[in-house]
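Have a look at these structures, which come just after this line.
What follows is subunit A paired twice: with subunit B in the first complex and subunit C in the second.
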Partner chain A sequence: MRDFVLERPRSISQALEILKNHGEKAILKSGGTDVIVWLHKSLKEPDYLVDLTAIDQLRGIVMNDDNVEIRALVTLNQVIEDNAMNRYFPALVQACKAHSDPLIRNRATVVGNICAAVPSGDMIAPLMCYDAKVEIVGSRGIRKVPVSDFITGPKKTSLRQEEIVTGIRIAIPFVETSGCYLKAIRREALDIAQAAVCCTLHKGDSREFRIAFCAVSPRPLRAVEAEKLLNSSSVIDDSIIENAARLAADAVNPITDVRASREYRIDMIGELTKRAISICLRGPAEEGGPR
Partner chain B sequence: MKDKYVTLTINGRKTTLVVEDRTTLLTALREYGVTSLKRGCEEGECGACTVIMNGLPQKSCLILVREAEGAEILTVEGLIKKGRLHPVQQAFIDEGAIQCGYCTPGMVMTTYALLSKNPSPEEEEIREALSGNICRCTGYLSIIRAVKKSADILSGKAKGGELREDD
Partner chain C sequence: MKTIKTKTGIGKWLPRKYDLQKAEGTLQFADDLRFGPELLHASVVRSSVAHGEIIDIDYSEALKMPGVLKVIVGEDFPYHFGLYLKDRTPMAIGRTRYMGEPVALVVAETEEDAKEAVKKVKVTYKELEPVFDPVKAATTNSVLVHPDLHKYDHVDFITPQPNTNIANWFRIRKGDTEAAFKNAAHVFEETITCPQIAHGFIETFCSICKQDPGSGEITIWTSAQSAFTVRDIIAKGINYPLHKIRVIAPPVGGGFGGKAGMTVEALCLAAAMDEDLKGRPVKLFIPREEVLLSSWVRQGFVARIELAVDEDGLMQGIRNTFWFDTGISAEYGANPVRSARYTSMGAYNIPNVWADCYAVYTNKPFGGAYRGFGLPELMSALEVVVDIVAHKLKIDPVEFRKKNLLMKGQTTCTGMPMHDHALDKIIDKVAKKIDVLKEEPPIRKGWKRGKGIALAIKAPAIPADASSSAIVKLNGDGTVEVLAATMDMGQGTYSAFAQIVSEELGIPYDWIKVYYPDTQSHPYDWQTAASRSCWSMGMAVKRAASELREKLLALFAEYWQTPVENISIEYGVVKCHKLGKSERIDERVQNGFKMPDGILKGGPIIGTGSFTPPDLLYPDPDTGQSPKSVTHFTLGAVGVDMEVDPATGRIIINKVCAGYDVGKAITPINIKGQIEGGTVQGLSACLMEGMTYDEHGKLLTPDFTDYKIATIKDAPGEIDAFWEETPEEISPYGNRGVGEHSMIAPAPATNNALFRATGMRIHSYPLSRERVYKALKAKEKGETDFWEWPYALDLAYERAKKEW
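On to the complex of A and B.
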């Protein structure tokens, strides 16, 4: 690993100061489960590594009156073990469980997963379904960006130099809710999705389905047409589910790579969407789990 | 250039190490003499470098040692008390859950962490907990037996260190 200077700021303002001083020569890290691998493999060779793990302001899952804040240092296991997250955001919890393995989940962070912005990032689809906002602090103040706008392409985000993602904010659904995250993988741990589907259902005055995908498009994607069909149908029978799955498969534009072919991915999106809708309809207690 | 200091507690002993910024916890511990943890893949896939840091099992190749400032680190060296193996270690020996031994310290630490949290895990929970530790020799069945036996010894249902009838 090439040498670098490790900066360990104690506050957000210190971190911003360091970023301002070092500009492009610095990169940020939180859990480090991606960044340290990049350094080991010389995929990144920064002069300065700004480690955010000593900043107490970035810790914790904070419940507010109508929203929850997942701060930048919250690990996947902290989400999995949190009662409120299980109650309100089951699809996000399932996506956390589908990610890597229990040891890595003790370090890997939710925010880090979206900052890495790889199309196969497991946190992206659930955060799309829950319409999460990314909270960013820079020298010019705070801005809030929907996840869909934050990720601008494979490994690309709208985060500017001299900015830090401090957390993600999600509105709490005050209606009965169910959700699941289904991931097509070759082995049950430490595997990157061939394709995955996240589906959530809010059962308020009107029933609202949301569906998003993983690893089948360069940018985060919701199945808008499939959602419209489901949300406008008074009764959801097998033929509606079948049609919604077809609309979902039509919406994606995957590539062929080492993990799966384009054709396989499109087929899997159809199949997983079908299963995900059924699981959500069956109710909140249903455990979807990976495949 | 080694010019940074980091103070951490390794197996109960408070220690100050001289390190580089880029030194991983894995490298620092091995250079210090804690060689039970192994350098396998160095990208978080294999689990051979697993340690328990502040109560949580983690892969030490993915941690910079300076992040461990003030941390409590536990490795298999720290499980041995007065020359006696810990029941988890003994169970791995008794069940033949070791062939080449490279993965064993990581497997033992992950098992220790699992049983600290969940004293009588189901087989599915054991498999899930160990899913970040790879073994290329045993085929895992003997390891899963060893974890079950560890749980039985620790909960008093079985004695540690005894030989199996078919041994």
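On to the complex of A and C.
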């Protein structure tokens, strides 16, 4: 690991100032569970490491009238332990539980996960289903970007230099809701997804399914066709589920690598989609469903 | 009459030595040692090609980097090292043989300086054609990994074949196999493969070397299982006097065979002995991403097994060929080949055996010692083949195994008579405990459940003269210090030695301390390997402790003027019931007893003991026959109850039942721990482990991001561990080795259970989720056997579409 200067700003404005002064030479750190690994492997060699963890403004899950803010320093364990999160966003909570292990989850943040923008990031699919907006602050002010536009490719985001993500905002669904996150992995903990499916169901005046994937496309992807089929069917029986799963599998474009082959990934998307729909239909957040 | 009393002797369940320090974090591993500002740091430049001539190494830019003192290349330290075969140089000389091989060493004031400078070294190669497939390497000779094989020194019990890639060819010719096959009612042939796998120990490699510029004496602090073997290999490698090399081995954070011989010590020494650097200690710490490239891993394995069975279901002949993929060095890896060969009949009585066993060089990181030493690979194949045969003959798998069992007096494949054991009883127990023949409905909806059984057998594959010695010292407060150069790396041998000493001396366990090895203070021990320590070193410790006891009792006998027989040591106190005397052990054991005649006698009391296997004979090289090829076998059986989700390929192990004939349980807590740990490690190898390369020979699984080992969540729901005690004749208390054996049979038992669950036989390990899924898809198309040639799989990456 090359030497660097550690900066610990205490406010967002200080942090922006530091970014402005050092430009490309600086890199942000929240939980550090990605960044420190990159530094250790010399994949990134910044001159300045800007640690955001001393900025109080970035802390906390904040409930507003019709939305919730997951601020930048919120860890996965904090999401898992939060009552409102469990009530309104069960699929996000399950995705947090499917991420790494309890120790890493104590540091890793939701925002860090989407900023790292690897296709296997576990937070991406649930945030896609919940239509989350990424809130960004820079010297030119504040902007809000849907997650789907925020991640532009593997390890690429629309974040500009001298910008910081302050949090993620999600609208609260004031209807009965269920959701789940199913992850195909090589072992039961501490693994990067071979493929994963997130499914949410809002049971308001009209029933709305949303389905998104992990690790099977370069950019975040919703299963538009499958959702259409589900949302236009008055009764959802096994054959509709089968068809939706097939449409989901058709929508993805995974690679073959050391973790899994393209073919296995596609098949798992089909299988997990099937299971995810059934779990959502069965009821609110189902604990420990088959993974 | 027994002269001692203790509550902490052999067979007792006690808290283990050093566990507390480990839990508190105070135990110092090699990387924790501090050497002050004198310390230099080395970092390795590694080859970026799998096979190539080194045209040029340009390190001029590296030398300009801050803190850098020197860059050393292969030619600067041109020595060959090796335990059984000297085929290894610490750095490539002229030619690099695998991607990741050290080609230069940068030495700097700090670790960071050294690492930064490594990036500035430019190496130019002329690429040569590599070979990755061991069968191709063994059978075509189109690429020679070691053209100089004929020049390498080796011990006389291995047989390298010059001008080939075969580093060792070991064979068995027992009986008339040809006739056995000709006359057999049934003949079967099967092939099974295992990939290279890694030990996955938590402590990576770390060595610190220093040479005294005046005396030339070398001190090495290193993360090593076998301090004396490191000393031997280095002395022979650099042709240096043994007495001028001192090896200190601090506690080791996991070894599993990966630290059994010499690992990175010579590489570090290349810097410490450099003319410009010597006098300053040099540290070489190997980061996680480089561990699999820095020492051996478990060898890849390809087995072809043919079995001849008669009308009555009795095995009459076995003919097999084993190719062990030993990567670029067989210096240690030549021996698992021998180990597997000794046991190529499995646990069965087969009168006619024909076997060829090869260690084959390929352009990959090298293979060597790994818990089980050739047997997990062999039994992962043989025990599946036996199951296939039983199924095809419509004999139940338990009965088929039992009727062919190798019992006392029948001969092994090397012609040695088998000793007494309780394997038949163990098989019965295992079969009953998991009700192996009973089909039961799956616990999980939509899953398929199956049960399987497999046997384990292994002997220590030690050289015939592998010896141990120990010193036991009595302190002036009645406590005891034991110097036994075994490494306790978690298996718990120091607890066992303390219990042995307590058993022999009547001194409580808590008063007994066992120290980590230092070749300067400790007497010689060959290695901590081969599940030999409680047996071989156990013998030395027992002898040393008894000698000490006899000396102590003799002094008290004279002091109290009573025959020795009247004196006992009870819970640390010396007693004579007849005279009503009872005294603590005190400073008299240091400075002598004032005898009734006023004269001082005694002085410091120490006991010494040593042990060499008394009757081993190397097998005949042409036939593999010997009346006593190995000291003893440990046998056992494993039953697995598992279920599989056909829609994803995921396997869950409901329960494992594992029993072994350990001879005598000295430390039951360790035996239980070894059985449980080995079971999980065996299942991990079975279900997920394997080193994967791309088509250029680049390791795709260099660290734990993609090299997966089982976590606690992958462990079986229940492990029922038990043991039998049929005493071993030549042994301190009848005990036999047990450390490695628990790793042998879980994989084939699981594979057999998978067959019972699904009707599909998978011939390639690991049974990863993706592979199981694919196999079950093939089953739907009518296939009954599934096979993925591991080397063909490498080629799949060439074809893989990377569209992003």
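Heads up, the rule we're going with is that the second predicted complex is superposed on the first by the 287 of 291 C-alpha atoms of A that agree within 3 Å, B and C clash if a C-alpha of one lies under 4 Å from a C-alpha of the other, contacts with A are read in each partner's own complex, and residues count from 1 in each chain.
One rule holds for everything that comes next: a residue touches a chain if its C-beta (ideal position, glycine included) is under 8 Å from a C-beta of that chain, and two chains touch if they have at least 3 such contacts.
From a predicted model like this one, the values you see are computed outputs, not experimental measurements.
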**Asked** Just subunit B (first), just subunit C (second), both, or neither: which does A:Met1 touch?
**Response** both
**Request:** Would you check which partner chain A:Lys133 touches, where first means subunit B only, second means subunit C only, and both and neither mean what they say?
**Result:** neither
**Message:** Quick check for you: in the superposed arrangement, does A:Ala189 touch first (subunit B), second (subunit C), both or neither?
**Reply:** both
**Message:** Contacts for A:Thr256 in the overlay, against subunit B (first) and subunit C (second): which applies, first, second, both or neither?
**Reply:** second
**Prompt:** So, does A:Arg210 touch the first partner subunit B, the second partner subunit C, both, or neither?
**Reply:** neither
**Request:** For A:Lys41, select first, second, both or neither according to whether it touches subunit B, subunit C, the two together, or no partner.
**Result:** both
**Message:** Applying the document's definition of touch, where does A:Met268 land relative to subunit B and subunit C: first, second, both, or neither?
**Reply:** second
**Contact residues of subunit A, present in both the subunit B and the subunit C interface** = 1-3, 40-41, 101, 188-190
**Message:** If we count contacts the way the header does, which residues on subunit A are in touch with subunit B in the complex?
**Reply:** 1-6, 8, 32-33, 36-37, 39-41, 49, 51, 53-54, 77, 100-104, 106-107, 188-190
**Request:** Provide the residue numbers of subunit A that touch subunit C in the complex, in ascending order.
**Result:** 1-3, 40-42, 101, 119, 153-154, 184, 186-192, 194, 218, 253, 255-262, 264, 267-268, 271, 290
**Prompt:** Can you list the residues on subunit C that touch subunit A in the complex?
**Reply:** 112, 115-116, 119, 287, 289, 444, 645, 647-648, 687-688, 692, 700-701, 704-706, 708, 710-714, 768-770, 773-774, 796-797, 800-804
**Residues on subunit B engaged by subunit A in the complex (per definition of touch)** = 1, 4, 20-22, 24, 42-45, 47, 50, 56-59, 61-64, 66-67, 69, 110, 128-129, 131-133
